[in-house]
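Each of the next two complexes has subunit A plus one more chain, namely subunit B in the first and subunit C in the second.
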Partner chain A sequence: MKVLSRVLTLALVTLGLTIPCYAEKIVVEGSTTVLPIAQKAAEVFMNNNSGADISVRGGGSGVGIASLIDGTCDIGNSSRSIKDSELDKAVTNGRSPKANVIAMDGICVIVHPANSIGALTKKQIKDIYTGTISNWKQLGGPDEKIVVISRDSSSGTFEAFGALALDGSKVRSDALLQASNQAVASTVSRTPGAIGYVGLGYVSSSVKAVDVDAVKATKETVLSNKYPIGRPLFMYTNGEPKGLAKQFIDFILSSEGQKLVEEEGFVGLK
Partner chain B sequence: MKKFLTAFVLGGFIALNLGMCFSYAGEIDLLLQKLVDKGVLTAGEAQQIGTETKEQVKSEIAKGKYSSLPEWVQNIKMKGDFRVRYQLDHAKADASAATNNTQDRNRGRVRLRLGWDTKVNDKIVVGAGIATGTTDVTSYDAARSNNQSFGNAFAKKPLVLDYAYAKYTPVPWASLMAGKMKYLPWRPTDVMIDNDITPEGGVLQLTKKFGKANLFLDNMVFVLSETEPATHNAMAYALQGGADYALTDTLSVKGAVSYYDFSNVKGRALDGSQGTNTKMLGTGNTVAGNTGTTGFNMYSFRDITPAVEFGIKNPFKAIANATSLGMLDIEKLSFFGECYQNLAAPDKNTGFAAGFGLGNEKVDDWGKWQFQYVYSMLEKDSILDTLPDSDRYTGKTGIRGHKGSFQFGLGKNTWLQFAVFRFENINMSLPTTRRAPTTVVQADWNMKF
Partner chain C sequence: MKEKIYKGIFAVLAFASLAFLMGIVIVLFKEALPIFQKVKIGEFIFGRYWYPTYSPAEFGILPLIMASVWVTFGAVLVCVPLGVGSALYLHELAGDKQRAIIKPLIEILASIPSVVYGFFGMVILTPFLQDLFHLPTGLCALNASLVLGLMAVPTVCSLADDALNYVPKSFREASFAVGANRWQTLTQVIIPAAGSGISTAIILGMSRAIGETMTVLMVSGGAAVIPHTFLEPVRPMTAAIAAEMGEAPMGGLHYHALFAIALILFLITFVFNIVAEMISRRFRIKLGLSG
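So, the complex of A and B:
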């Protein structure tokens, strides 16, 4: 009896100290490509649900998936599929990443608006990024050195572009590496000889998106897989999403959420 | 419903053809395209279903779910370690001896530990471990050591059950563990409780993250000795509350306050006792006499133990950069300390440990190293004499001394360790030369797998 009363007392003290600490909050972290969707959706969702607290951070797809595996975020944003090595680590850590596709993105190859080149093949893009082609003249353009702009290696866009456009080949070592889609677009818009790649949402009048294998990047061509450098955008959760994480993902997949996706320049699934 | 059914059918399709699943990926896309063409799915829904199904299968393959073995077998994780030790025990004769004869003992020792755990379901893990050791409960080594010494004309050495427990985690911030556990409350040193002890009972662990701080609260109930009637069981009830806080990217602090209530140990002789707590001959309230190493505990034990550890990452980076001496850029420096007070004993009831560590965060590859120094003192009745680290004066109380250790990585998962312990008896009111100092030198070759 004495033992039982001590155990119960300690348990009650412990629970009493813990219960007031609970609040509904989730952390969303990862891909800078998915970031604008997550930020906008979180803003609208929290306006509609006053009790919800959604913290959104960037960092890159690798960071998002690593955080999900480590348990430091609830949703890991990624612009690429989870790697086998990451899955192995997740399994070792007792985690079970579940892919939730929330939108599609076309990776657009962009050049300066003054560049006369309007279309490239995947092979030509690969040759440019691996250093086989280094002057626009080799492609029928002006006699001007090609300034290659790429994303840094922590970016999901970098990973997806390398896999989809370069067949896994390495980007030439003298490429200028940028930390965000916006930085790539901005650099290309200021550099006449530049070529870069950004998500569909970052194409504006300050740059020119070239057709790839004679296919223009549009919602239809991306959804139908006709555009060769298209990709799904993911929100990974540990197992089936639950609680606030489920509500948030359901909101993004709703008509209202998909409208926000389109407003941010990505391809909605609806 | 339409999407669910489609995903279900596709999942089954892939699972049935798993051996060739990648060659079927194109056929799945064709199937989805047909559904889009017939207006069953939109292009977006087809993308979502197709991609999520492929990702799901990839994940299931990684988890080995398509193996013919039961899931709990696939979830088994095994681990182990093996250590070969040379140990020199250099001791002055016991303080009661007429002269200070020295006694040297040279020992070769081995320790093997094998453990495994498996997920019963998403919330319950069961773990167990066997190890070299002894079940002779009268030996102080029974709970506190897994070493087996070479000798006895090549006699086989016993393997014992080291631990066996279940852990239930209903929510990420709370878990309940029960059994003979591979668990000990956080301490910056093993002075008070030997790291080899696997306590028996239950623990409720609660954690909560507040910004850069991780709070933890452990609630423990352990059985020390079981007799009839049950109200006379010797028990340990303990509560530990603490926090781990990152002050900056390079500075961190971890601290905890613990309270241990050892119930029904007064008037009792516990297994594994080193006989250094104050004893009496009888079990009643009347003290019949102090026999030194035998008899029954004269006092209860209710210990309060605050502890703290400060960590500094790359403490000498600026000096290393200024002098271009890369070797000075040491990964981590830490300072730690803890103290103990037995509130149930009138005197000789305090103790403390303090020290520092230096080197790499982990010794997990060639050339990585760690050095640690700890000074500690335990008065006679500061803590129960069944618990302290057995390498320090064979786990007795009423001692003080130094421990220095150095680890050096030989390669992946293998390293050397050298340790020196210099301790002396502080129970006796004798000249320094009669305090029976001992020096223990250990050279270990460690492997883990």
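So, the complex of A and C:
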């Protein structure tokens, strides 16, 4: 009996401790590119602030912005800026979307370290990935077939690369598919004729990042928008962020949050 | 009374796996069918282009099906000689001592996680094939076939060994009695008698190979084109599902298309298993064992 009452007391105390200081709930929805950042940040944020309830969903940038306009989410994640048509709809609905840049997405084009090619133009990269150019010879390199390595078609990196470097054209169908940034980098490092693309965070000494349109991919060139295959990532809010949404975005912009951003392979703003 | 309770418990456990199977089948159909409202089944199965995330999206999985077929066929070429050969050796030629060493070692092959096989293929076989055939990349159908074939060896070997064990001793004795030597007995009596059992072993080995995911994702290269040789990169159905499911928006067409691939894969292995079961039933009847 004594034991039972002790257990009960303990349970009650634990319950009491976990009663939230404030119970607020926000929904974050949208871009699958931003999803890993939002998910990781929400996890850490909720660990630090018991009681905060942040539910994170994917769906794509369009879905994120649409939900924000409809008022079904508090933060709409997007890997592109809002379109005019969406803005019009928002105004009709009495909403005023506000863009909050939370990170940059920079994608490096990488080749085998022994490859003599050190720079490509965006046009050449597009030609390689769509199949117009298929031998390094055509670019002034050795007579070697280009092994085109791409990502699985639902990854955010694939989507960003497709939009920024290929202008939406289809990747040649015989491109090799790898399921992660890491796998692309290690395949390129072992394949002399390979070309691949990875997030800036995944470039190491075992592969060579080529300059694109004569711009080297670095944190600085991505942040200053000089590097052509980079883009800002947004969290849209209705008006200035308030309450928990503000705390959450502030957390992502803090040095701790930006560290998470870099860990996920994106470029931090600081 | 106690007996009844035990009986009840075990009956529930036995039906539980049946219930899970039903659940899986229902979910597969429910999640796969919506794609066929947008894409005709014929276009889906025989379409040559797999561009699920573009607009307009293209959902043709023929390259994925052909990749699975090629890789599985290649794996059979590897696992049948190795698996059946080692079963014959174990059963006919090996002494008790050799058998006691070799059999457990072959079974260890089955306990190695598939991701380890994948690593082996990526790190050892890939550069080897690349140099051997002067390929642009060693990630290809041959690589996947070799690794999958090796993985299926224990399945084929132990089932073929069982099949050989089922052949009654009297068959062998009768054969020796009419003056046949060991080789003649093996090729003309034992193997034909165990033939359908060995076929079952091969078919189950194939269904192991076609359903394997992690390894093919790592070593097959992943190009969604219809292969013409074993030295080209391919993307088998399982690899496509594994690579793309994680980030396909739930409830979208791409998501349903991936479920539809899974459904087709399920139907293929289902047919394999039914055929294997039918052959093995006929085998047991032929040998006068219980039907």
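Following the convention adopted for this analysis, the second predicted complex is superposed on the first by the 146 of 270 C-alpha atoms of A that agree within 3 Å, B and C clash if a C-alpha of one lies under 4 Å from a C-alpha of the other, contacts with A are read in each partner's own complex, and residues count from 1 in each chain.
Following the convention adopted for this analysis, a contact is a pair of C-beta atoms (placed from the backbone, for glycine too) under 8 Å apart; a residue touches a chain by one contact, two chains touch by 3 or more.
What you see is a predicted model, and the numbers here were worked out from it, not measured in a lab.
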{"item": "Which of subunit B and subunit C A:G60 touches, first, second, both or neither", "value": "second"}
{"item": "Touched partner set for A:G201, first subunit B, second subunit C, both or neither", "value": "neither"}
{"item": "First, second, both or neither for A:S155, with subunit B first and subunit C second", "value": "second"}
{"item": "Which of subunit B and subunit C A:G30 touches, first, second, both or neither", "value": "neither"}
{"item": "Partner chain in contact with A:R190 - subunit B first, subunit C second, else both or neither", "value": "second"}
{"item": "Residues on subunit A lying within both footprints (that of subunit B and that of subunit C)", "value": "none"}
{"item": "Complex contact set, residues of subunit A against subunit C", "value": "32, 35, 58-60, 63, 144-147, 152-156, 158-159, 168, 170, 173-179, 183, 186-187, 190-191, 193-194"}
{"item": "Subunit C - residues contacting subunit A, complex", "value": "49-54, 63, 122, 126-127, 130, 136-139, 217-218, 221-225, 232-233, 235, 239, 242-244, 246-250, 254"}
{"item": "Contact set on subunit A toward subunit B in their complex", "value": "1-3, 6-7, 10-11, 13-14, 17-18, 21, 71, 81-82, 84, 87-88, 90-92, 94, 96-101, 104, 220, 223-225, 232, 234, 239, 267-270"}
{"item": "Touching residues (chain side subunit B, partner subunit A) in the complex", "value": "29, 42-48, 51-52, 55-56, 58-59, 62-64, 77, 119, 122, 172-174, 204, 206, 208, 210, 217, 219, 221, 230-231, 233, 235, 237, 239, 263"}
